[in-house]
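Going in written order, the chains are labelled A, B, C and D, and every chain counts its residues from 1.
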Amino acid sequence: MSSRPRGVKERVAEGIARRYRRERNFRLAGLGAVLVGMTFLGFFFYTLIGNGYTAFLQTHIRLDVELSADVIDPDGERDVQALGRADYQGVIRNALRARFPDVTSRNDLRELFALVSPGAGFELRSDVLSDPELVGEALSLWVVADDDVDMLIKGHIDRAADESQRRISDSQLGWIEQLEADGSVSRRFNHRFFTSGDSRDPEMAGIWSAVVGSFFMLLVTLALSFPIGVATAIYLEEFAPKNRWTDLIEVNINNLAAVPSIVFGLLGLALFINIFGLPRSAPVVGGLVLTLMTLPVVIIAARAALMSVPPSIREAALGVGASKMQTIFHHVMPLAMPGMLTGTIIGMARALGESAPLLMIGMVAFIVDVPESPLDPATALPVQVYLWADSPERAFVERTSAAILVLLAFLLVMNATAILLRKRYERRW
Amino acid sequence: MTVAAYVLGRRRSATTTGVSFHSLPGYYGSYVAIWCALPALALYCLWQLVEPGFIRTQVLATLPAATLELSEAELGLVYNDIRNLVEGNIVSGEPNDEILAAASRYTSLQRISNLGITLVVLLVGLTSLGWAFRRVEPGLRARNKVERTMEVVLMAASTVAIFTTIGIFLSVLFEALRFFQQVSPLEFLFGLSWSPQTAIREDQVGSSGAFGAVPLFAGTLLISGIAMLVAVPVGLMSAIYLSEYANSQVRSFAKPMLEVLAGIPTVVYGYFAALTVGPLLRQFGEGLGLGVSSESALGAGLVMGIMIIPFVSSLSDDVINAVPQELRDGSYGLGATQSETIRQVILPAALPGIVGGILLAASRAIGETMIVVMAAGLAANLTANPLEAVTTVTVQIVTLLVGDQEFDSAKTLAAFALGLLLFVTTLLLNIIALRVVRRYREQYE
Amino acid sequence: MGRYSASFVSCVSAFGAAFLVQTAHAQAARDYISIVGSSTVYPFSTVVAERFGRTTDFSTPTIESTGSGGGFKLFCSGVGVQYPDITNSSRRVRQSEIDECADNGVRDIVEVKIGYDGIVLANFNGAPMYRLTREQIYLALAKTVPDSAGSGLIPNPYVSWSDIDAGLPNVRIEVLGPPPTSGTRDAFVELVMLAGCEAFPVIETLAGDERDAACFTMREDGAFIEAGENDNLIVQKLEANPTALGIFGFSFLDQNQDKVQGSLIGGISPEFDSIADGSYPVSRPLYSYVKKLHVGEIPGIEEFLAELTSEAAWGDFGYLSDRGLIPLPQAERQAVLQAVQGLENVSLSP
Amino acid sequence: MSLASNLEKETVPQAGVGTAEDTSIQAAPDIRVVGETYRTVGDYTSATPVIRTRNVDVFYGDNHAIQNVSLDVGKNEVISLIGPSGCGKSTFIRCLNRMNDTIESARVHGEILLDGEDIYSRRMDVVMLRARVGIVFQKPNPFPKSVYDNVAYGPRIHGLARHREELDKIVRTSLEKAGLWSEVKDRLEEPGTGLSGGQQQRLCIARTIAVSPEVILMDEPCSALDPIATAHIEDLIDELKKNYAIAIVTHSMQQAARVSQRTAYFHLGRLIEVGDTDQIFTNPQHELTEDYITGRFG
């Protein structure tokens, strides 16, 4: 031991407390970083759920509606055309008048009628059309309340406030309180939010058409960006000679990841709509634009995944006489799959939440009808969020949050699926 | 038509399945399958492209001469009406006899066309299948041919990126050139003032209109810089913690959770930045006696930083995991603590990959639009003070494009010029970054 | 052997084929009205479209929010199913746009003036209400203002409202307003700033260009904050920042009475009636433009126009007024209605 | 989780696998031993022990990789650990500086003393332990740093050099001791990964020496090297034993014979026989040892 410099042990011991302190700090910093991310996520969810959960309930008012045959079906033939033309909103208005017979002046009636959603009549109409037997009967019906009433019941409008500072007049408030007193006001599950398309009446507005639009768009995006992205990555990583051409491709890919998404919208407008003649507002165009946008993300991640497969695997496969193609498809690709999936998920998540490029290709639009194919006009969930966020009606605030919640729910489902997939692939070897 | 396509697709797959029953190894199967599918598919696609035009000509030919004298565009509308009729949609007005005749012609033509293409595709598919089938013999190097085809497919896929770039370049170039006819490129590139307050209506001449892009780029850099200051440490430390310290349960929970951050719509972040962070910073600043704008670069940057955390963490996590265990063992074997090992061995080894991830995140920050649209405001101040309001290139592009002004005014065209400039700038940055990373890699691999 | 690779190839080619087939099928028949244009008109146009879709057998029109300029760009691109039928605008069409339309075969355009939109200056209603004149607003927001001697223009020196008039509150001037690309900004500048600046004698002495520059240019030192076109966001920012004022459309004030209050301009409060009778000075008309060649070809355009111009929609008590659109005076409605029914061509000559 | 690191992590336990399941080896003649009654043949103690181990058991999860091993490593001697693959020799030496801590499922029982201190006791610091017991791995694993920084890494983290000159000196002496100085003195700033395999391994040894450990553990240090490089390393080991206690795991009996004074023969996680190298190779006491030495299996 003589040649060992003296005091090594002592010197190590000297610094050891400090080093452990640093170790602890470093570890805490790491934990802190994770917590920062998680805290924000938690905070987001907290705010969103706080703002949005009420949108899943909708105020209804119980009315005794008389579906008098004279009004609805004067011919008495139960002809669908005739039934469809009848004034159902009028029927509901009559019910309101019957409930509050004291109200007579024109202005007061207007205010009274405003308690019920303009959409209530349409719902009654579809009820009657699906069951013409209802004609002539008197029903006790829960009709959708107007958004202002809904906001009042949910406590977003201050009842004590001065009349000029709320959307509900004093007399309306009086009627609502009467209705509340006899149990004719209740909050029920808002199924319209999930089943109907957009509407300018918040109480009738739903996300279904946007969900379907997003679904078609993501379908197109996934179907194109995953195979093309993976194929590109394989080509660049495994086959391409290292020359100027592949350099060019590589620079291009990195660069495309940096191009602002709205510029992709410009490209989509010029290429797919003006040159290829695809229709505006169609999910297929949105999908194509988002494909171009997510491709770089997928490619970069897929290349990183391929790169991380140890060369020994390739050598082993080549060693038993597999061709290069076989080596890649049978051995390298399955191993790189988890990484590729991660990248694809990040890309798809980005695509799912993207709204700026859709602005240019006509998807920031008012779409009521649910699209039936990727070629029908449609909007997307984030665009719906954006549009609702810009709507003057107060009731859209909670609906905006609720729509974001739905969007996030989809995202969580996507991530969960990816995790399951990843696990399966990881177990395979 | 869809039904026909569906039937076709099924028949085609049926024939393909039949082929793969062939007793020779799969490569021969693939070879025959490719030969069977590709020509038929190509033909089918070609027909799909040609068919609408063909039917259109035929249908329109049945219309009376008076109708045919209409302009091409108006004919298109008439034709649309006919097709609405055929598809059972609601039509404009009562259809007259000519339209009805044309509609029935349309229907019959379509039927013939579908039948025809089905037969032709089947025939071509079967013929080429037969041909390929006959060529299957021991001497045929099927594998090489199949693999060659696949390599071509792979190569074709990789050119999509090139075409996208060219497409983007072309789609902004022409409008940008029109802009440069109105505003000199020198003023645009080096002007220190951005104030597109030119009038919307022609009788309102004279407002100041300055189109200097420097403040926009400075603002973009400031906000992205702040975002990177948040995202890089947090993202990197998260990646390190999750890949080196956390046990597998924590990891499998936290990693996807962090990835969710990347999926939150940017609109939501925008609201958060504009309504929560902005005012908070403002109050905080006033408490300290600082004048903080409620649209401060700091607010937008912070929130954007949160958004891009997963871009840094996810990719860093992957490259950190790819660092071989031997290096860790080597370091631990010398008595290094875990943090020393990470800082001095793992990070340097993973650096090229991490830099790649950071560059990607930086790109995302520069190109991010919605957050800054909502939180950063539009005031083009040339400042390095993060407490002041700045604007970014993307904000201006959006604002200019969705504005109410006339479409060929300098204001709108400026958006294209900005897009072009941004595109070129990021291209240059990427070329430089690629060089740097590559040099680093060559040194240590 | 080769199973993966074969399936991969077929996968890729199938997607490619699917894409091509989609392309070929793209020009499906259109049975709905396509509307584009201003985001200001969007909330009104959509209500009409929804009613129309609900009460008739026609499909609900699709309405894109593209901005007025973008709307005209699309509208004027040509005649045919791939081009929109109607565009909304928060300003009147320009001659250059009519020309561009004509160049592309869009010869006949019907103008529908649908109503007025009030522009309000509002602040958080927990804070004192502002009572302003247009001169004061001009002094607060212009880039250059007349100096106190009235002899020339100086860069805007005012920091707080009380600097302009001792009667105004002593708070920092902070106004959130629309960007120069916005029609709202355009209207505000013309109706408030121009009117305000013309009250100063020194302005009269300036040459046309200089005068316009003095009147139209907003200050850029942070007192006027360009806050984008999302009016809801402005409302919410006002709530977070009680001393600031915001410029936005009347419908947002109407919906957020419990949060913000409209400032009095020239002593008049921005209310439905005062805007409708013209005593509140800041309001601008909103328009829809219809492609005449599409009428009768795309199903439902005439019926849609009938719905839009029905008393139930744009009348004094119509559903559009519930949304904050200020109806045209009765006589003007009649005139527009006639022009629409006759599908008269727009003419810009006054 | 990256695949690469998974691979690495999983290969380690495999080194000790195969005890219970591997029936073909279990069928080998005359394992007389079961459980507690087993005794190692020969003298496993040393007169001047640096490391003393008593009754060590190692488990990877349910897998009993090392069973009841007792062995000393003496001062200034080279002890070689031989035995067929999977016999636990690598696992055993990885216990001596607690490298097995990095494997989550690993548990170590028994007594391992360094200069009389229990290294698995709470008071023993693992950083300090590894500074005193260095290890060289099978595959050369230089850090992605320059040659200089590779060697300086240990001294730096442990704070062994007060200033630059001192560090330079440590680097130089370490490289000299590792016999690498003359080859790399002009390329100190080049990446360590650019050296040849043999040089890399000597760089790793220099890296270990730079911390001035008391014991050097070597886990098949030459298995990835060519004969010339191997000869270099063997010379080096001979040189190093003057100052350090060395435990070397090797596959090659010839190497064990060349470099070591004592040899321990492991079989299926048990230490079968230990003794002077000469005696083991010329006159093994145990049948298994004899079979292995004579090449009947392994």
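Keep in mind that, in the parts below, a residue touches a chain if its C-beta (ideal position, glycine included) is under 8 Å from a C-beta of that chain, and two chains touch if they have at least 3 such contacts.
Remember, it's a predicted structure, so these values are computed and weren't measured experimentally.
Q: Tally the contacting C-beta pairs at the B-C interface and at the B-D interface, and name the larger one.
A: Counting C-beta pairs in contact for B-C and B-D gives the edge to B-C.
Q: As a quick test, compute the distance in whole Å between the mean CA positions of chain C and chain D.
A: The mean C-alpha positions of chain C and chain D differ by 79 Å.
Q: Where the CA atoms of chain B average out and where those of chain C average out, how many Å apart are those spots?
A: 30
Q: Measure off the straight-line distance from the CA centroid of chain B to the CA centroid of chain D, and report it in whole Å.
A: The answer is 54 Å.
Q: Taking the mean of the C-alpha atoms as each chain's centre, how many Å separate chain A from chain C?
A: 28
Q: Which residues of chain C are in contact with two or more other chains?
A: Residues 1-2, 5, 8, 12, 23, 25, 27-28, 30, 39, 59, 65-66, 230, 233 of chain C each touch two or more of the other chains.
Q: Which chain A residues touch at least two other chains?
A: 12, 19-20, 227-228, 231, 308, 325, 339, 359, 389
Q: Any chance you could list the residues of chain D touching two or more other chains?
A: 1-2, 4, 127-128, 131, 157-158, 211, in rising order.
Q: Between which chains does touch occur?
A: So the chains that touch one another pair up as A-B, A-C, A-D, B-C, B-D.
Q: Quick one: which bits of chain B touch chain D in the complex? Just the residue numbers, please.
A: Per the touch definition, chain B meets chain D at residues 243, 247-248, 251, 318, 320-337, 340, 344-345, 348-349, 443-445.
Q: For the complex, give me every residue of chain C touching chain A.
A: For chain C paired with chain A, touching residues are 1-2, 4-5, 8, 11-12, 15, 18-19, 22-23, 25-28, 30, 32, 34, 36, 39, 42-43, 45-47, 49-50, 53-54, 59-60, 62-66, 74, 82, 84, 125, 230-233, 249, 251-252, 254-258, 317, 319, 322-324.
Q: Inside the complex, what are the residues of chain B that reach chain C?
A: 1, 5, 16, 20, 25-27, 29-30, 33-34, 37-38, 41, 44-45, 48-49, 51-52, 71, 73-74, 76-78, 80-81, 83-84, 86-87, 89-93, 143, 146-147, 149-150, 153, 157, 195-202, 204-208, 271, 274-275, 278-279, 282, 293-295, 373-374, 377-381, 388-389, 399-409, 411-412
Q: Residues of chain A touching chain B in their complex?
A: 12, 19-20, 22-23, 26-27, 29-34, 36-38, 40-41, 44, 47-48, 227-228, 231-232, 234-236, 239-240, 247-264, 266-267, 269-271, 292, 295-297, 299-301, 304-305, 307-308, 323-325, 339, 342, 345-346, 349-350, 352-356, 359-360, 381-382, 385-386, 389, 404, 407-408, 411-412, 414-416, 418-419
Q: In their shared complex, at which residues does chain A touch chain D?
A: 1-5, 8-9, 11-16, 19-20, 308-310, 335-336, 338-339, 426, 429
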